[in-house]
Structures are given as structure tokens and as C-alpha cells.
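Have a look at these structures, which come just after this line.
Paired with subunit B in one complex and with subunit C in the other, subunit A is shared by the two complexes that follow.
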Partner chain A sequence: MIRFLVNRLLGMAVVLFLVCLFTFVIFFVLSPDPAVQICGKNCSVEAIDQIRANLGLDQPFWAQFWTFISGLFAGRTYGTGANMIECAAPCLGYSFQSSQPVTDMILQRLPVSATVAIGAAVLWLLAGVGGGLISAVREGRFADRFITGLSLTGMSIPNYVLGLSLQFLLVVTLGWLPFPQAVPFGEDPAQWFANFLMPWIVLSIGAAAVYTRLTRANVIETLQENYVRTARAKGLSPGLVWRRHALRPALTPIVTIFGMDFAGLLGGALITETVFGLNGVGKLAADSITKNDQPVIMGVTLLAAFLVVVGNMVVDLLYTTIDPRVRVGSTA
Partner chain B sequence: MSATETQALLRVRGLTVAFPTARGNVDVVKSLDFDLARGSALGIVGESGSGKSMTSLAVMGLLPKGAIRTGSIEFDGTELTALREREMQSIRGDRIAMIFQDPLSSLNPYYTVGTQIAEAYRSHRRGVTRRQARAVAIEAMERVHIRDAARRVDHYPHQFSGGMRQRVMIAMTLSMEPDLIIADEPTTALDVTVQAQILDLLAEIRADTGAGLVLITHDLAVVSEVTDHIVVMRDGGLVEQGAAERIFCDPQEAYTRMLLDAVPRIDDEIGLLRTMTAAQEDR
Partner chain C sequence: MTFTSTELEVEGATGGEPGGEPATASPPASGRRLARTFLRDRVAVACCVYILLIVLMALTAPLLVKLSGYGPLEFDQSAVDPNLGGLPLGWGGGIGAEHWFGVEPGSGRDIFARIVYGARVSMTIALLATALTSTLGIVFGLVAGYFGGRVDMLISRVMEFLMAFPALIFMIAVLSALPAENRQYLLVLVISFFGWPYLARIVRGQTMSIKEREFVESAKASGATSAQIIFKEILPNLTSTIIVMTTLAVPGYVGTEAGLSFLGVGVVPPTPSWGQMIASSVPWYAVDPAYFLFPGTFLFLLVLSFTVLGDRIRKIAESGEGRV
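Presenting the complex of A and B:
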């Protein structure tokens, strides 16, 4: 068990290092010179050189990469002498646009993205697993066809179309939801909830559709397993056969993809946050991309990679408690 | 009442199992009759597709969805075909137990064998505590000669070998002390030495509990060791039936003789093992 854990942690470190390297290469090689960008229109060559030196852009690639990596763990400094700025670990650098520390910018917006992700996850789990179960029980009948059709539709609609249509329908035409205003939960819970309701729905539709189909397929397949027949041959009631012998094996794979999906979403929902004007990590990324704000884009990318890798690890650990075949090796 | 002594434990009359298809119903079991006397063992023999397994599932009331069952199945004086699903549930596992072919896939990988043995017991005997059911499970495992049962009871199916898994399946049926055990190809997935052990175990349990046994197999060597009475099936129909000795020594039908000839014997000349020719198959 400990060996398993150590192995996984090492693997995780390698993956994250590679992600760092690749993102760094992309921005180092491909993007236009940030110093020119920062300096503005009327700018002297000396000023650009000064900015380069301050940001460490005059260093060779590997030196810059090393500074970046060590900045993540130990913090780093920019400039020299009186102009020196301390950037505490985990240092992701400063935004070229606003000169704010990237770490702070992300941390400020993380709660919004987390709220969006958690709400959507709850919705899609309920709708997806619930719909899949109903579909499986009523296989081939009207309810099954209806749900299958619905999930196909859900899968086919792009997020921005659904988001904009919902806004138009529910807020503008029908007036069922108030116009979105940014309020903290403590001030006006009703408005807060109304703000997040549409993003939750929009984000959950696609995943709910996928989960519905997956649950349906898994349950139908499990019901045909020999051990389900054994359970019936033992004289267990249909409810018990279902709960104990069909659901657990059928829902185990859902845990895997849920962990990954959820972790990915925590790193920001780019389109949905932008459509609904929510100040989350996804919107931060979208804004930074248009402004070519490299440190911020890199920070967001690394965060997303980190979350997915950690999510993956958590799922693996969960699996060892859920599936006895992973937990205890064969001893006979 | 002395009549119950002579009354058959299982009395099947005109059992037909059909599946509806686009071109009408297809009968997979055709008007089958047989009896199983109390405490005796019956072998149902036939090649794959002969309807043996469907016969056993029909008795259990576990036919696949859409299957149509007609005819009469009388178990210990009760007409099973007339029972509701709920009433059938209380008979399944409790009075008629079943052992399946592939013990690994027939056990749920997510639960310990102890849990799986105990759950039938708990669902049939109301008010049994977890601890009591566990004790029953351990005792059942001891009866099928699983060593160190008190420890093994907490192990998962994948931690057992094939033969041991089948012992677990048998322990599962034993814990309920059923009147009838239906074993559907119980040794087919096991290697030869283990097969013999499992057959011995079935015989031992029958001697101990007096339970009736229906043994379904394609392997005549298997039935010859365990059963008193043999039913030979082909294409869903009855070919012949009779006392085991009579079937072996004096088969009446050509098909039975062919099955017997396909069993290798130690006194056979090398190279003379007969198989069914294509012409005979087409018969």
C-alpha cells in the first residue's frame, strides 16, 4: 500500500514537471516579447532591456525555467537593489497587464469556480445517475427512450448556445430569474442562488447526458452478470438484488470519471464563466488569452493540470477501498 | 401419511420452454417429463443446446426475460408454476438451491464469501443477527472442507482457487439445508482432479442431508459416479430415461449409445475413440 502510494506520488511529480516544461516552452518560444508589450508605445531600447532584466528574460532558457520552478517552491525575487520585489512561494510571477501577483489573482477567483463546479457536479450526478437508473429499469420502454433522446440532445447542444438561450428565455423573456448581480452568499442568498443556477444547469447538462448513458449501460450489463443470477437463485428480494448486487458494481466506474471531470472543472469553466460573466478562473484564463498575459495563462494551465493529476490520484486511492480486487491481492 | 414417502420430491410433466421470435415460438425444451424421488439423484445429460440448463432455470423460475414456460412442475406437492414471484422467492435458496457452472463469475467480486453465504440465510430467516449468520457461514464452509474457515470467511472470491470457489458456492446452498440441490455443470469449469473432489463432496452432502440432487452435465462420466437415474436430452426433447445402470449397460436409443461411445475408457483400443460424425449429427 505504501509502495503504491509512493509510486503514484512520483508519477504525479513527473507528470506535473512535464506539464510545467511544455507550457514554459510554448510561452518562451512562441509568444511575442512581453517586454515590448509591457513597455507600451513610446518606448526606448534601454527601457525594454531594463524590463527584460527585471523579469529575468535576458537569461538563457534553462536558467529561466529553473527560476520559475524554484519560484513555485521557494519563491523568487524580481529586479535588484531598491527596486527588488519579493514574490513568495508558490510564485507564479506577475501579470503583465495588472502587475498583480498571479497566485493572488487565481486564489481570489478560485472560490467562484469551485462554487460553479460543486453545484454543477451535484446536479449532473443526480440527473445523470438518476436518469440512467430509470432508463435501465425501464429498458426499451417509453421512459427509457425519452431519457435517451433527452441525453442525446443534451450532449449535442454547445454550452454557449444553451447558456445564452437560457439567459434570454429565463431572464429576459419570462423574467423568472433576476438579472445577474455579483453578491456574496451572506448578503442575499436568494440572489446568489439565482446567479449560479443557470451556470450550474448549463455546465451539468453535457455531463449529465454522458453519465446517464454510462449508468444505463453499466446497470444493464451488470444485471446480466452471473452473480446477479446467483443472488436471485438465493431467493433474495428484487430490491436487495438491485441494491447489493447490481448497483455497487455498476456505479463503481462512475466514481472514476466523476473524479476526473470534477477536478477538471475546478480549474475553471472557460465558456460558461465567460457567458455568465462570472469572475472565476475560467474567465481569468479567457481574458488573459485575449491580452496575451503569459504568466496568468501559465498559472491557470498549471493549476488545471495540478487539479486533474490530484483528482486522478484521489480516484485511484478511492478505488482501493471500493474494489476489493484492487485492495487485496490474490492469496490463494 | 405414508403417501409422502412415495410421493416424488420433484415431478415435472409436459414442461415446455419457448422463446418468441419473429418467425414464431422456438421451443428450447419440448414437453419434458421426469420425476425425482426424495433423497435420490437425477442426472440430466445432453450436449450443449439440448435444453438442460433451461430445464433447471425453469424449475427455479429464473428463465430469461421473454421465455414462456408451460406444463407442470410439482415440488414437494406444490405446483411451482402457479406460485407468485414472492412465494417463489421464499422457496428459492431456502428449499431449492442451485449451483452454477462458473464459480468465479457466479460470485460477486465486491463482497466477501462470508457475506455472500450469510445473506441468503439472513433473508430467509428473519431476525437472525449478523453474528449468527456469520457463524452459519463458517460452519457451512467447514462442511465443504475449506480449511481455516474462520479466517477464510472474510476473504473475497478472487482470493480462492477455482475448486475452492465452487466449494464456497456449495457452502452457500448448504447453509439453508435445502430439500433439493440443482447443480448445473458444477465441474465443467474445473480441472479433472478438482472435479472428482467436488463430485465426492456433492455425494457426501447428499448422504449427510438427504437432499435430492439434479445434476446437469454434458459429461456422462460425471453422472455415472453420482446419480441413480438419468434423463438424456437432445434438441430440447427427451431421448430416453431410466436407472443409471440400465442407461449405461443397455442404452435403448442410438443417440445414448453415441454419447456413451464418446466417453473415453481405459480398456479402449488406442485410436478407437468415437465422435459423432457429421451424418449422425444431421440425423
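Presenting the complex of A and C:
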């Protein structure tokens, strides 16, 4: 088990390092010179050189990369002498636009994104697994066909189209819900719920549809397994057969993709937060794209990659405990 | 939406739809039989018709625009009300004989013309990306699965690495750093770069099992080269998998293109794209819902049609010749 853990951690570190390198190459080789951009129009060559020196952009590529990586772990300093600025670890640099530390900008907006993501995940798990189960039990009947059709629709509707449609229908036309704003839970739970409801629905719809289909297929398949037939033949009550024998193997794959999907939610949050104007990490990234604020885009990208890699690892670890067939190290 | 990674993985991982006829009971279906089963399915036919309509619309865009009278980039200030901040005059965003789908608020550009030209962009990008990802996925999957060993390990590692990327965010990061010229082709490249492992993984798995079968062995014994075995013996057995996977990939790429354009890193204005039209309708949605409903509905129906179609083809393929 320990060897497995160490292996996984090493693999994770390698992937993250490559992700860093990859993003770094993209931004510092392909994109236009940030110094020119910061300086603006009518800028002297000396001023541009000064900015380059301050940001360390005059250094060779590997030196810059090393500074960036060490900044993540140990912090880094910008400029020299009186102009020196400390950037504490984990330092992701400073925004070219607002001159704020990127780490702070992300941390400030993280609670909103986390609320949207967690709420959406709860919603899609409930809807997806619930819908899939109903569909499997009533296989071939009306409920099954209805849910299958609904999930195909849910899979196909782009979330920004759904977001705008819901907002138009529920907010503008019917006035049932407020324009989504990031109301803290502690302030007013009811308002919090009403404000976040639409973002949750929009962010979860695609995944809910996929989970419905997956649950349905898995449950139907499991019910045809020999051991389920054996359990039935033994005379176990249908409820017990379901709980003990059918559900567990059917739901194991759900755990796998749930971990990965949840970790990858930042990508989906980008569109959802933009549609509803919620000030989360996704909106931050979207705004930075239009302003070409590279350090921020890079910070969010790294955060997203980190979440995905950690998510994959957690799934692998969970798998060994959920699925008795996968026991690492001890028996094999 | 956008990148349907889990979707494709799931389809591949769960394999056959349970409840289908057992492989032994159904004789290998001929192409004609498949076509007949397919044509009897009204929903699938409706999806096909819609897709064909969009393709036709994209192909005849210049002609259609001549018919409707307004080009996609033409401003028509007479159709908007300057006193209301450029809100279109008339009902439903200015729908009428002049402008069939109304006009864009502010500029007064014809929405019908932009939808028609947007179809071109969406279809071109989605189809090119599908072609490229399929080629890459098939070749790498076949090579990894057939040769195994070091080659397999290398390709599998690269695939794992690419799939560990938060694809959407990465595409945004890459596209925002790249210059804006030739955006459409860059989009195809970037989407394909992150997209091929999903097909490659499934092709690899199937290749690994097919290469153990007798006919491959006999081909080897009769002195066929690796290339001959891979492309003449193994590839034909993967046809149904590949058809299903590619049909299911197209809607994903349509959505991805629209999503990226929606976020401002896709197709560059003034070239119209559906995603981009929806993005520019955001500030107007409350007062002019028609502006997002037109591109939104077209986009939704296109993605839906491809998804349903892929689903149906998968079912038909699995109940017949699909099982390997």
C-alpha cells in the first residue's frame, strides 16, 4: 500500500511539473511581450527594459521557469532595493492588470466557485443516480423512456443556452428567482439557496444526464449477473438483492468518474459563472482572457490541473476500498 | 457541456448495452439490413434530416443570403431603434419579411444571415476536428495495441497525461496566448490535440484483444507485414466502434467550438459563429430574447441530433455486427 501511494504521488508530481512546464512554454514563448502590454502606448525602450528587469523577463527561459517553480514553494521577490516586493509562497506572480498577487485573487474568489461546484455535484449525483435507478427499474416503460429522452436533452443543451433561457424564464418573465448573486450562507440561507439554484442546475445538467445513463446501464447489466440470479434463487427478498448485490457493483464506476468530474468542474464553472456574472474563479479566468492577463490565466490553469490530478489520485485510493476486487500490494 | 470526456469514456468502458440480443443469436447484419433497421427509426431519420438541412444550409450560405437580401456583415440601422439603445424595431427582435430571424441589437445585422454563415463555421470546425482526432486516435490506438511493450507504454503515458489536463481551461489558455490569425484552424488543432486519446484508448483495448485471434495469427504465418496486419486485418474489425465513437464525438466538438467562441477565444469577430452570437446576446437577453433563442435553438438541435444519432447507431451496431 505504501509503495502504491509513493508511486502515485511521484506520478502526480511528474504530471504537475509537466503541466507547469507546458503552460509556461505557451505563455512565455507564444504570447506577445507582456512588458509592452503593461507599459501601454507611447512607451520608451528604457521603460520597457525596466519592466522586463523588474519582472525577471530578461532572464533566459530556464531561469524564469526555475524562479516560477521555486516561487510556488518558497515565494519570490520582485525588483531590488527600495522597490522590492515580497510575494509569499505559493506565489503565482502578479496580475498584469490590477497588480494584485494572483494567489490572493484566486483565494478571494474560491468560496463562490466552491459553493457553485459542491452544490452542482450534490444535485447531479442525486438526479443522475436517482434517475438512472428509476429508469433501470422501469426498463422499457414510460418512465424509462421519459428519463432517457430527458437525459439526451440534458446532454445536448449547451449550458450557457440553458443558463440564459432559465434566467429569462424564471427571473425576467416569471420573477420567481432573483438575479444570481453570491449571497453568503450565513447571511440568509433561503436567499443563498434561491440565488445559487440556477447556477447549480446549469452546471450540473450535463453531468446529471451522463450519470443517469451510466447508472441505468450499470444496474441493468448487474441485474443479469449470475450472482444476482443466485441470490434471487436463494430466496432473498428483492430489496435485499438490490441493496446487497446489485447496487454496489453498479455504483462503483460512478465513484470513479465522479471524482474526476468534480475535480474538472472548474472548467464548467467558467461558463456558468460567466453567464450568471458570479464572481468566482471561473469568471476571473474568463475576464483575464479578454484582458490577456497571463499570470492570472496561468494561475487558474495550474489550479485546475492540480485539482484534476489530485481528484484522480483520490479516486484511485477510494477504489481500493470500495471495490474488494482491487486490493493493491497485499494479495497480488 | 463542451468537452464530453466522461461521456466518451463511459460509452467505451461500459461496452455493450445490456439487454441487447446475445451475439450468437443474431447473424452478422448486412449493410442493407442495418440501413433498413435505421430507416424504420423515425427519430433517427428526423435527426438525419436536421443534420442534412444544416449541412445544406452551410453549403449554400451565399445563395441563401442573396435570397434573404442581407449579408452576415451588413449593418442595417433602419431596423434598430437608436432611442432605445439600438433595440430592434418590431416584434421578436425585428422578425419580419425584411429580416426573417430579426436583427442583432445595436448593429442591425441580419440574424438569419449570421446563423447561415455560422453553420459553416461550426460544421467545418467540428468535422475537421473529428476527422483529425479520429485519424490520430485510430493510428495511435492501433499502434499501441498491436505492438505493446515500450511503444504502448509511451503512447499510453502521453494519453494519460493529456487526459489529466483540464481540457477546457487548457484550450482557453493555449488559444488566448496564440495569435488571432487563422483561429479556425488553430481551434481544430487545439481541440484535436486534447481529443484524440479518448478514441485511441478504446481502439487500443480492442486491438489488444483482436490481435490474439486466429485470423491475425494466420496472416502472420503467411508472412504479412505489421502494416498489412494492422490496416487490412485489424482495422476493418473496428469499423463499427469507430463509426459510433466519431458520431458521438461530433456533437462534443460542435459544443466545444461554440463554448470557446462563447468565451471569446474561439472564432474571431466579425466572422459569425453560433457560440459567439450567444455570447454577444448576453447583455441583451432580458430585452431581446430572440437574439439568443435563434442561435441557441439551432445549436441545441444540432448537438441533440448528433447525440441521438450516435446513440441509435451504437444500439444498431451492438445488436448486430458490433460485437467483436
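Everything below uses one rule, namely that the second predicted complex is superposed on the first by the 321 of 332 C-alpha atoms of A that agree within 3 Å, B and C clash if a C-alpha of one lies under 4 Å from a C-alpha of the other, contacts with A are read in each partner's own complex, and residues count from 1 in each chain.
Here, a residue touches a chain if its C-beta (ideal position, glycine included) is under 8 Å from a C-beta of that chain, and two chains touch if they have at least 3 such contacts.
The shown structure was predicted, so the numbers you read here are calculated from the model rather than taken from an experiment.
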Could you classify subunit B and subunit C on subunit A, in the superposed arrangement, as clash or fit? fit
Which holds for A:172: it touches subunit B only (first), subunit C only (second), both, or neither? second
Looking at subunit A, which partner touches more of its residues: subunit C or subunit B? C
Examine A:183 and indicate which partner it touches, taking first as subunit B and second as subunit C; both and neither are also allowed. neither
Which holds for A:253: it touches subunit B only (first), subunit C only (second), both, or neither? second
Answer with first, second, both or neither: which of subunit B and subunit C does A:143 touch in the superposed model? neither
Which partner does A:53 contact after superposing on A: first (subunit B), second (subunit C), both, neither? neither
What angle, in steps of 10 degrees, lies at subunit A between subunit B and subunit C when each chain is taken as its C-alpha centre? 80
Quick check on the superposed pair: does A:114 touch subunit B, subunit C, both, or neither? Answer first, second, both or neither. neither
Distance in angstrom between the closest Cα atoms of subunit C and subunit B, superposition on A: 11
Interfacial residue positions of subunit C with respect to subunit A in the complex: 1-7, 9-10, 13-14, 17-19, 161, 164-170, 172-174, 176-178, 251, 255, 258-259, 262-265, 275, 278-279, 281-282, 285-286, 289, 292-293, 296, 299-300, 303-304, 307-308, 311
In their complex, what parts of subunit B are in touch with subunit A? 60, 62, 89-94, 97-98, 100, 102, 105-112, 119-120, 123-124, 155-156, 158-161, 164, 169, 172
Touch list for subunit A against partner subunit B, complex: 225-227, 229-237, 240, 244-245, 248-249, 252, 323-325, 328, 330-332
Residue ranges of subunit A touching subunit C (in the complex, touch as defined): 15, 18-19, 23, 26-27, 30-31, 139, 152-153, 155-161, 164-165, 167-168, 172, 206-207, 210, 213-214, 217-218, 220-221, 224, 253, 257, 260-261, 264, 266-268, 270-271, 274-275, 285-286, 289-290, 292, 294, 297-298, 300-301, 304-305, 307-309, 312
